[in-house]
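In the two complexes below, subunit A is the common chain; its partner is subunit B in one and subunit C in the other.
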Partner chain A sequence: MTPGLLILAQADASSVDRFLQMLVNGLAVGTVYALLAMGFVIIFKATQVLNFAHGALVAIGAFLVAIVAVDLDIPGRWMPGAAEWLTWSLAAVVGVVLGGMLGLLLERLFIRPMVGEPLFQVAILTVGLDIVLRTVVDDIAGLDGRPLADPWGISTATFGNVIIPHTQLVQFGVTAFTVAALAVFFRSRTGVAMRATAFDQEAARAQGIKVGRIFGLSWFLVALLAGIAGIFVSIFPRAAGVSSATAFVAFRAFPAIILGGLDSVVGAVVGGLIIGIAESSASVYLVEFDNILGTGFSAIIGYVIMMIVLLVRPYGLFGTEEIRRV
Partner chain B sequence: MRGRPLLYTSYEGDQALLNTWTKKTVFGLMMLLLILLPLGVVPGFTWAASNSWMLVFSQVSIFLIAALGLNLLTGLAGQVSLGHAFFMGVGAYTAAILGGPEGPLWGLGLPIWVWLPAAGMVAALVGVAIAPTSFRVRGLYLAIVTLGLVFIGEHLFRNFDFISGGSQSGRAFPPFEFKFWKEETPLVDFSTDGSWFGVELSSQAKTFYLMLTIAVVAGLVAKNIQRTRAGRAFQSIRDRDVAAEITGVDEFRYKTLAFALSSFFAGVSGALFASFVGRTIPEAFGLALSIEIIAIVLIGGAGVVSGMALGSLFVIVLPLLVLNFTEWLTTVAKTGDGIAQSIADFVVATSSFDPGLISSIPGVSPGLNVFQVNQVLYGLLIIGFIIFEPLGLFGIWIRIRNYWKGWPFTY
Partner chain C sequence: MLSVENLEVVYNDVVLVLRGISIEVPDGKIVALLGANGAGKTTTLRAITGLLDIHEGDVTKGEIHFNGVDITEEDPSKRVIRGISQVMEGRRVLAELTVDDNLKAGAYINRSASKVKASYGRVMTMFPRLADRKTATAGYLSGGEQQMLVIGRALMQDPKLLILDEPSLGLAPLLVQEVRDVIVDINSQGVSVLLIEQNANMALTIADHGYIMENGKMVMDGDPARLLKDEDVKEFYLGLHATGEQKSFRDVKHYKRRKRWLS
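Let's look at the complex of A and B:
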């Protein structure tokens, strides 16, 4: 994902401009990681499952948006004359919700039978899910990628000497809105039920909360988040469309969840932004040390940071320490 | 003690490696079958003597060694690791440095009795260095740390291109041959056809014998580790780490030991794998390899040594079966008639733009190609085994055994 960003870094920029540009690029990457990491954390909190199929959900979400917006042209075909950004946004919502339905289905079919089984088994089960889903999407989407045809294209805005693509402005807005919506949701009746389930399933059940429904709901939410992240991973400046590479972004987001702590939503956002900015700054400032650190170091700096943080704080920055009872 | 199941008259009898009459017979017959297999004299198994099947069985043996290692760590000691491929890579590149051909890349050209044990030792040392993290970080956190290990390892392998040859061309690994030191003609050469004790053997058959020997030794070692003090300590840590600590099991020491042993197996297996393939790029030791080994452990039955053999056979041979099955279906769809033809025609796509689930023409017709079908099946198998048979193939065997044990009663 760095090649796209490198175009935006001006060669003759001053060091302040360079820093600001790096920061903006880092936030752009970081918000995607934050969206992904929130997805991991919500599933982990609600169902104690570490979801390795998240990458597949990202690719499927973006792919469904491509189908709805480009191939089917819904709802654009019924709204002649409507603004392009409006029809495309509605199409994106439809695609993402379809992805959410798939999340619901996956939970019902594969995760529900595993309630109470060892956590490792369930984690590996999601690896199996990931392999199946990713192979099917690869086959349909192909190596060349399927463009999403978003209305903003490659247009950019310039603030001082800092260049920001319009897509990234949209991305910042959407991410902020999503985080705010989630915060509101967790205070709603259903949201409180969800938090209660995450805290103690049996107690929640005793209060009349339908735990199974909460599980399904959390997978639905997470597939939504994955789809939103998927859109921003597959458009300018990161890629030209959904392809077999789209799903791999989820593996880059793993350090973010660990950094924040597996069970902290706030930690996920903070961790995502930290890892994003770290990657971006590594690709700007550590390039001179390529002969020592190796080319492509920025791609793994997240994991290096994660290792260091875990050795100091084994439950991440915001995670709750597991109390070990005999 | 025939006819009286589970009746042991001595402690030794109970603790024996093959503690029942059936196990002894089955083990003996299996060994005999495997030894005679390359000669093509076993009735019903003559097909297995072909060179391509010999290569397949060699690969099964190599993956078995890796799976035995992961089984020690995950199945026995209960430590989740996604980083097995990293340790295999460490072993492979150690072997390459010590035994690889001298040339532009690092290679000392030493014989196999140096590079093979060294590959295991270096991997074990790296394992010891990683082990303290498993003491601090538990459960799924450890899974992600070991996942990070795979990515960092891949980065290192790729960038040490004076060892690995980079991701473009990769490098050549040492061939299978026994030498005293660096003399010209090897004592035993596995890469050319020739006769052993008057029996004509292809190079593939010779390689199979070598791999089989190492795998059987590894299996016996793994089985024996389960019976030692350390093996019991591993299992107590797996079942309840706090309780183990209270009963006097030094958690730190045994976790480190588990990592070291597991990495030793991985290192040996990685070195054999790289040499077996001959030329490999750093990306070969990525997450996919780790998942393959985990799949073997889960499908075979975590914690069971004989299950590992079943698991690796299953995981390696399945793609070949799918390939052959698809070819057979294609011929049926083209030349067959009746209902069989209609079914086959529905499943496979025989010409471009012919709808079908499996397409034999990649990139043209819409269906999945054979490789993708394999991937999907592989994923479904992992899912299926975890949901329906958490004990793996070994669990199926247990159920069959218990049925006959109680026969004609149901329990």
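Let's look at the complex of A and C:
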């Protein structure tokens, strides 16, 4: 029995609270991983390449929200007297959509010309894009220390003895909505075309699907997801704004992607939640073993899980072993 | 309806694969295109449907007209919208998607929901076995069911011309019969058909006209009944000697080699 379950078995009020708090914290991390992982997976499915520029999209998405919400105050300046949560949320939508358009542009300028080139080259190109994007935005606009000035600040809600920041309640709601919206999208005409293209480009073209347009749309979607993740990475309780460190958060979603399966959007969500809860439970229940495991084991437990998964089930929980080209 | 004139195709800028072939598919007819492995049948299909580019192929000469319009350089999706649909060699089901989603992908160019519904209904009536397996993952269907699925997928586009590339490949004789009947059925609904086959027997028994190509050239064309009786065709494309005995693959290969020395 794991220490977590042992402690739960004693079932006194405080340990139940501790468990619930751990779960909430785990979900808070896990939903961010899920958002990040979905972005990686959608690009991977479309191009068989890990998009190393995803982190830059995360940082730039949050940065654009900061610009729109704080510097430009759009649409708040045209809506005097409107509730702050409303104007800020609208600003966030505008910022995230701008980020999406950047994704569209990047695809058109850099990725589309690489269609048909060796995958390794495409991967390296995304590494280059990541560095260039982060540097350029940082140099021109100053990425560091831009607060997003969300209306919830550090306020919290209390359920029994469990404390949840308001920002995290928003995050749960937004993630649930995003996942549901994606599920609906993937059943739509365009969504099915995207899945068809991901599976077999030539067969998709034979149906009259314009795969170039589908690639552009994938990058738009993925940049949206990155921006949404970027917001929650940059506000309380995780950070006090966008910084050059924001981009690196994306790579912490790797264990979630491997666990869920590189080519499964469902896997990205499930993997994200599992890794989030694993990290959170490790930080609560494994502290007693710090002298054996070393402090901060919770930060690497995701990678430990990832390595075990790679050994036991390399294509992850939901990944396809090789249905392709049956 | 479709006319291919003097078509020349080159792969990778150097490999000349089609050396000036011409094909006519008249309105409402079934035309068979036969040829051994590597003759250039699939290349012809790619040229007609605009999918040469991902194979690094180019049309270097000749023209393709569809209903009088020059489509030689047209975007592939436009050609599908014009009414040219294809069933690709090797089936190419979208194995990870369900049967229904495969059909939905096929209907991509069809924006009218009522038309999609009508096509879907027609496909389900034509292939009752697909109707039983709507939500099944396409990759787990049997070979015969997959062939029906990709034919159904093409029909979702409401084609005027349907091009099938070796639909009998790898199917048991009974299923080949079934595919043949399906093609006749589709044609009877007013769809012109270009049927690419190595199974000359299957194709020539339903075709209105037959072409035989070899090494990127048309070597014979004419009335299917006459082609079926032709000794050369019998020997090299039906795999039968005059005695009716099956010819082995090695003999056919040998023939090809011999031919190359001659040319």
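As a convention for this text, the second predicted complex is superposed on the first by the 300 of 326 C-alpha atoms of A that agree within 3 Å, B and C clash if a C-alpha of one lies under 4 Å from a C-alpha of the other, contacts with A are read in each partner's own complex, and residues count from 1 in each chain.
Following the convention adopted for this analysis, a contact is a pair of C-beta atoms (placed from the backbone, for glycine too) under 8 Å apart; a residue touches a chain by one contact, two chains touch by 3 or more.
Worth saying up front: this structure is predicted, and the values here are computed from it rather than measured.
Applying the touch criterion given at the start, work out whether A:Gly153 contacts subunit B, subunit C, both or neither, answering first, second, both or neither.
Neither partner.
Check the residue A:Gln207 against both partner chains and state whether it touches subunit B (first), subunit C (second), both, or neither.
second
According to the stated criteria, A:Gly173 is in contact with first (subunit B), second (subunit C), both, or neither; which is it?
Neither partner.
Scan A:Leu310 for contacts with subunit B and subunit C and give back first, second, both or neither.
Only subunit B is touched by A:Leu310; subunit C is not.
Going by the touch definition up top, name the partner, subunit B or subunit C, that contacts more of subunit A.
Of subunit B and subunit C, B contacts more residues of subunit A.
Which partner does A:Gly128 contact after superposing on A: first (subunit B), second (subunit C), both, neither?
The first partner, subunit B, only.
Can you pull the subunit A residues that subunit B and subunit C both touch?
324-326
Tell me, which parts of subunit A touch subunit C in their complex?
Touch residues, subunit A against subunit C: 116, 187, 189, 192-193, 195-196, 199-210, 320, 323-326.
Over in the complex, which subunit C residues touch subunit A? Could you list them?
Subunit C residues touching subunit A: 49, 51, 54, 75-77, 79-81, 86, 88, 92-97, 101-102, 104-109, 137, 139, 153, 157.
Can you name the residues of subunit A that touch subunit B in the complex?
Of all residues in subunit A, those touching subunit B are 44, 50, 110, 113-114, 117, 119-125, 127-132, 135-136, 138-139, 251, 254-255, 257-258, 262, 294-297, 299-300, 303-304, 306-307, 310-311, 314-315, 322, 324-326.
Using the touch definition from the top, list the residues of subunit B that touch subunit A in their complex.
Interface residues on the subunit B side: 74, 80, 133, 136-141, 143-145, 147-148, 151-152, 155-156, 158-159, 241-243, 246, 287, 291, 294, 298, 367-369, 372, 375-376, 378-383, 386-387, 390.
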